[in-house]
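This structure is in structure tokens; I'll ask about it shortly.
In this document, chain identifiers A, B, C, D, E and F correspond to the written order of the chains, with residue numbering beginning at 1 in each.
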Amino acid sequence: MGGDRYARGLEKFMQVDGKGGQKAVDDLAELVPELGRYLVEYPFGDIYSRPGLELATRELAAVAALTAMGGCEPQLRVHIHAALNLGCSRQQVVEVILQMSVYAGFPRAINALYTVKDVFARRDAGEARRED
Amino acid sequence: MGGDRYARGLEKFMQVDGKGGQKAVDDLAELVPELGRYLVEYPFGDIYSRPGLELATRELAAVAALTAMGGCEPQLRVHIHAALNLGCSRQQVVEVILQMSVYAGFPRAINALYTVKDVFARRDAGEARRED
Amino acid sequence: MGGDRYARGLEKFMQVDGKGGQKAVDDLAELVPELGRYLVEYPFGDIYSRPGLELATRELAAVAALTAMGGCEPQLRVHIHAALNLGCSRQQVVEVILQMSVYAGFPRAINALYTVKDVFARRDAGEARRED
Amino acid sequence: MGGDRYARGLEKFMQVDGKGGQKAVDDLAELVPELGRYLVEYPFGDIYSRPGLELATRELAAVAALTAMGGCEPQLRVHIHAALNLGCSRQQVVEVILQMSVYAGFPRAINALYTVKDVFARRDAGEARRED
Amino acid sequence: MGGDRYARGLEKFMQVDGKGGQKAVDDLAELVPELGRYLVEYPFGDIYSRPGLELATRELAAVAALTAMGGCEPQLRVHIHAALNLGCSRQQVVEVILQMSVYAGFPRAINALYTVKDVFARRDAGEARRED
Amino acid sequence: MGGDRYARGLEKFMQVDGKGGQKAVDDLAELVPELGRYLVEYPFGDIYSRPGLELATRELAAVAALTAMGGCEPQLRVHIHAALNLGCSRQQVVEVILQMSVYAGFPRAINALYTVKDVFARRDAGEARRED
């Protein structure tokens, strides 16, 4: 059953985060070899696998939260890619971030808009799947 | 043109926040008589009136951000009501909040689950439109 | 010299915080008997005693920061009283808090406006120096 | 293997959180029936079960983080109880919280000292295991 | 009337932010063409245009909040320039930031002191109006 | 007596922060000549000199708080070095940071793991005492 959960989570992880999430796992494997298992099992095997909310909407919610929290640019990049990979439009991502100016103030929203601008530019340059 | 923006915002404001948002405006009118106009014009007249993102999704993004930020229980209540009023299911609201445990930790998510539990109970008791 | 710093700080502390700050010191004396000395020496003996910024402006800066941080209502109350005691107008205090909607979002500003409304009401009722 | 992880986590959960953590699980079971499993599996089955850091030190680290974050009073209460149940002295708990004034400012530290004072009082009154 | 508000805001925006704020507007115009209008209308046309608080004091309050929130270095730079452009002394800016160590802890204050040091150096080198 | 407090704090400061803390003091001495005295007196002369909590545990608590707060990478570096200098194992530092994923979410913990990875690498390269 633990194995099922891991397998189910890994499928979601690959579908959602792609190489972005895998990079953090690889970078930090020396310090925490189990990090990949943790990220697959709880966020993806448990949470993202729950019914009742579409994956694309989950990614917009992640973009909202990471924008509002501030200081999470690396994760914001991963989840902007994920939102787009799951079929969200660029406009939807921009709208969610801009809306955060209401709840978290203009600075957090503007900082995240700089991040989204860079992610779009990298995707346009075809580098998204290699570098991010 | 300013009048159009206000009218457009007021329509959204009523559609989204209903009596919840109006209460803050009334409570604080003595200190900031223009607060109602500010809340109508920028968040609703400008942001919520933009195309490209459904209102229901905007409310789920608001719930995500307010959960992750912490300390925004009054606003979280208003936006949980708004999400439900706009057609989101209770399950969608719960899922967004639970998902925040991944980005903002278990305490912020659990605190917001207590808020959502109370909002659901009040709506079940038919008090939502009167008291909140 | 340590004694000078304490004396200088105590004078500022009394001038600024009055009974509001003293209450926290008394409440917590059992846990940290030195808390009063710490609050007097660093914030007041060192920081508030520095030249180059008026005390009233320092209090408006404190109100700004505590509003933007969120979750600091007890301290916000103390510093709203302090700002008024040092000659700031009620309007100045309200303006600083409202302005925080730009940097920290509407929820933090609105929550602080509820606090300021209550502080004004207590002062009007003549309770400020006894209860807060 | 999933079962082992749950069993291992449940043992830690009971050892650490006791009735405090269980209360949140029970309160929110209607909204998220799996919450108990999530809290047992990742925080306790995975993280708290890792070697290399004593449980008592983990609880002091939790108290430090929850104090610095602010707005997590319910969780702070649970972890103050846990620290004491695991053999930390009251003085150690107070010292960690007071130290947070350096990194997160006096308001966060003072707010947490009020919480710790109340937890100590309840334990002295013999209510800790029933009410918290 | 909408036009008046925009004109009034634009005047404040130019007076306060100068080229610093304009740069964010230009950088992000492709993503959110209306961003310039939003920043002019609400923060400047509405908030900064309100009577009862001097512009220079508003800027010190902005510096206080951005220091305490953390992670807002680009905005902190803009508002340090603005404070100085509006007649605040360098000492006033440094004092407000240092004071934040009391409310938000030493790390947030020290990080902002590094930012202020760099802004002063650029102004001394005559680059402020071109590069920031 | 003030002199004793400074002397006692300086000894702790040197024992704990070593060159890392001194660098901030030197960098910012032009802006705030008293910063060194402030950092020595309150955090070290007062707080770190209190009995009842080991210095090594204090450093793990600092690492926990700075990880959970986010945006404090320079200070996190200093306190990771301090924890190791005081006898904490690398594993203890990693465990405290990883544990923060539970309270503050995965992004804050992962960001801090990148910082700790870099600190370990610099120490391995023998640069820690010179560059950090």
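Some points to look at:
What we mean here is this: a residue touches a chain if its C-beta (ideal position, glycine included) is under 8 Å from a C-beta of that chain, and two chains touch if they have at least 3 such contacts.
Everything numeric in this text was worked out from a predicted model, so none of it was measured.
Note on connectivity: the fewest chain-to-chain touch steps from chain B to chain F number 1. Common partners of chain C and chain F, by the touch rule above, are A, B, D, E.
Matching residue numbers shows that B-C is the pair in C-F, B-C or B-F whose interface repeats B-D, with more than half of the contact pairs in common.
In terms of the distance between Cα centroids, chain A is separated most widely from C.
Among the other chains, E has the CA centre that is most remote from the centre of chain D. We define each chain's centre as the mean of its Cα atoms; on that basis chain C and chain D are separated by 31 Å. A straight line joining the Cα centres of chain B and chain E is 29 Å long. Chain C has its Cα centroid 40 Å from the Cα centroid of chain A. Contacts with at least two other chains are made by residues 38, 42-43, 66, 68-72, 75, 94, 98, 100-108 of chain B.
Taken together, the touching pairs cover every possible pairing of the chains. For chain E in complex with chain F, the residues that touch the partner chain are 70-71, 94, 98, 101, 105-108, 110-111, 113-114, 116-117, 120. Here chain F touches chain C in the complex through residues 1-5, 34, 38, 41-42, 46, going by the rule given at the top. Only residues 42-43, 47-48, 50-53, 57-58, 60-69, 72, 75, 89, 91-92, 94-96, 98-104 of chain C touch chain E when the two sit together in their complex. Those residues of chain B whose C-beta lies close enough to touch chain C in the complex are 24, 27-28, 30-32, 35, 38-39, 43, 66, 69-72, 74-75. On the chain F side of its complex with chain B, the touching residues are 68, 100-108.
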